[in-house]
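First chain A sits with chain B, and in the next complex the same chain sits with chain C.
After this line comes the complex of A and B, so read on.
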């Protein structure tokens, strides 16, 4: 079985069309997961009654659940329960009218929020205790101290961890194909169905993921370099 | 007037404060002395609720607050009427000297940015650091950082200021500049409670000296009394060690 370059190019071109889809899933998942993860991390760090315990159990259990399993599970629940749900709320949309991307977002965001919450919590613990106390001592509330003092200080330290998560999410986006959403990998395999050029198809998908990954890493390295060299500018958020 | 009654604090099985009471008049400068582990710092932190005491009452502004069961609003009220100067400076790392002082003025006291800026600059000038306004804590020396910390405390115009070993983290050369700023604060007539190991400074600045050991107040009185005519055996022993600290036996 030889390598046919023109098949590779066909697959690559086809996959290229779906790069925006992959990027969109990645960014939406990352941003929302980061926000939720920050909240979960902060709740657990501050030991807020009930919620802290709840999230601690939730994260422990959920971190062990593979994203693919979650995806398929949620999709099955969605498919079987949608009609009852729609009838109950008098929604006049058919199940086929609803984009399964929402199921994908729920599964991805739930999973990566747990990952990111641990990144946030770890960084929160590394902030010097006096920074919190100084905030309280001048009369700031806990929330004000977190928002104005602690969180801005966490960002530069968190960049490598965030980058790691972002690339993890990029690789995770191809799992949404299990519930029938077309993204880079599925698109790269489209032409292969006629020509049986699966090697070229997968290589084309791999090449694209590499390229996106390298771009993200380089942006990240630039940010890290910037933040360590010009500490002053990065610290200045006002 | 600040009054503290029967303050108790345990860390696990270790009883750090064993029934400490103290009252400080308006404008008075009280210095807490004592060996390490005597509970001075813990006591100071309990006043500002940085540490939650196990028992005790804080009377301030006609209001009695149970130190153990204080509500959020009461805690915030005490904190907004006081300021704390930390041993390791406690400046916000992500803010310049000027922004450090402005933070409380803008967020807590709800002043306009221009007004806060003016107060902050005046305060920095008062500690002799106006030219360092736009420097970040990491770009300042320890002594300068502590002076900014004091400027931040004073700018908030608090009813009382708590100093937690303000010079312990500084090298001998930088101690002087910080102490002279604290003396300036004392001259302003702000009520202060100072924990320090600087004996000559304590003698100079204090209206009253309190000697603590083992979580209790051993002796208290005017500085000259406590330093030169200590009544308690424990105080005598401590002062003998401290005042002769230049003598080393090898």
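After this line comes the complex of A and C, so read on.
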């Protein structure tokens, strides 16, 4: 046993083919979670009756559940209960025709929506009260104020938090391998099953994740610079 | 739902799975204990800005932040015996290939925490304004006195909430250890499921245990945060 560089290259090439899968899971999860997270954050911030209480309890409890456990649990519920569910709604689809990636999406989106809702809520709090009052004073409704005044101001402040979340989601996509979906790590291990030398496969996966992470971080820093530059130009009224 | 979930089995599972939470606690305990010590070293070394060590630490932290923990665990599990196997066998007579997987999981956690907590501590120390240090110097305190009496009490204030979040994160991440064959709650739930044919209840119990303990930890750190608010009460 030792480190074999050619195995590493083979694994790396194999894993490279599955980068689009990982990127797709990451982006879909991020975008949907961001939308849901914004809604939850706004509902909790504006203290809308019932929903505010419901989400505050739900988010607190759900943040206590590891994504891995949620994934395994949902996958199990999906596997055991799908047939009853399909019979009840008269869906003529076998369980084998359904891509388990939906289970992964549900688990990841539910988990990261809660994370992102906390980020959004924290940023909503940091916005000056006068901004809300300015909106109301010219006769905008709450929704219009939020959409036209508050949300655009939140974005620049939120970018570092979003970036952290995005990298968290990138690392989270790795967990879907526990329910048997092929992504970068599983793909990197394919060649290892012939050689029984797994270290190279894991190192190849690590290198690939590292590269993707660094690329995302650099794009994020560029966006932060760009947005802060824009801010100064637009908002130097005071 | 039929026969998939029965409450009686659920109650039995609670008794069968709960003792294994100690394995998770063991991982969290060692990871946080040694991880914190390593993190303090990382933070100090990064604040001192020693030329070569600085760059090495930047690469180390970037690796730990940029790769998933599951991959890090597997690299530790397969890599450490290959790299250090002969050395440790000759020096201590321990065959690394025979060691329990939990050791490698804990090593992966420690390295991961050294990076993450190191950044948290560094940020906390940097968040104390330099005027505070200058105030200490002006009344003739030594560097060590300033560190322990002025800078650290204020830095702890900043670090504790983040430390709490990190600790809960480590506790959550112990759920990954079952993929390497550590006998913790997850693998106990899985083996019970395989032997009886009813898997669902076990994992529901695991989920509930995780949620309850996370909430307790969160509450504890909230109280701790309140206690350490020097001068801001």
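The rule we apply is simple: the second predicted complex is superposed on the first by the 231 of 238 C-alpha atoms of A that agree within 3 Å, B and C clash if a C-alpha of one lies under 4 Å from a C-alpha of the other, contacts with A are read in each partner's own complex, and residues count from 1 in each chain.
Going forward, a residue touches a chain if its C-beta (ideal position, glycine included) is under 8 Å from a C-beta of that chain, and two chains touch if they have at least 3 such contacts.
In this text, all values refer to a predicted model and were calculated from it rather than measured experimentally.
Trainee: More residues of chain A are touched by which partner: chain B or chain C?
Mentor: The partner making contact with more of chain A's residues is C.
Trainee: Which partner chains sit in contact with A:141 here, chain B, chain C, both or neither? Use first/second/both/neither.
Mentor: It touches chain B, and chain C stays clear.
Trainee: Would you check which partner chain A:7 touches, where first means chain B only, second means chain C only, and both and neither mean what they say?
Mentor: So A:7 meets neither chain B nor chain C here.
Trainee: Have a look at where A:171 lands relative to chain B and chain C in the superposition and call it first, second, both or neither.
Mentor: Only chain C; A:171 stays clear of chain B.
Trainee: Which holds for A:133: it touches chain B only (first), chain C only (second), both, or neither?
Mentor: A:133: touches chain B, not chain C.
Trainee: Between chain B (first) and chain C (second), which, if any, makes contact with A:70: first, second, both or neither?
Mentor: second
Trainee: Across the two complexes, what residues of chain A are contacted by chain B and by chain C?
Mentor: none
Trainee: Where on chain A is chain B touching in the complex?
Mentor: The touching residues are 130-131, 133-141, 144, 148-149, 152-153, 231-232, 235-238.
Trainee: Which bits of chain C are touching chain A when the two form their complex?
Mentor: Residues of chain C touching chain A: 1-2, 4, 62-63, 65-72, 74-75, 78-79, 81-82, 168, 172-173, 175-176, 179, 186, 199-200, 203-204, 206-207, 210-215, 218.
Trainee: Using the touch definition up top, name the residues of chain A that touch chain C in the complex.
Mentor: Checking each residue of chain A against chain C gives 1-3, 60-61, 63-70, 72-73, 76-77, 80-81, 84, 167, 170-172, 174-175, 177-178, 185, 198-199, 202-203, 205-206, 209-210, 212-214, 217.
Trainee: Sort out for me which residues of chain B touch chain A in the complex.
Mentor: Answer in residue numbers: 48-50, 76, 79-80, 82-84, 86, 88-96, 99, 103-104, 107-108, 136, 138-139, 152, 156.
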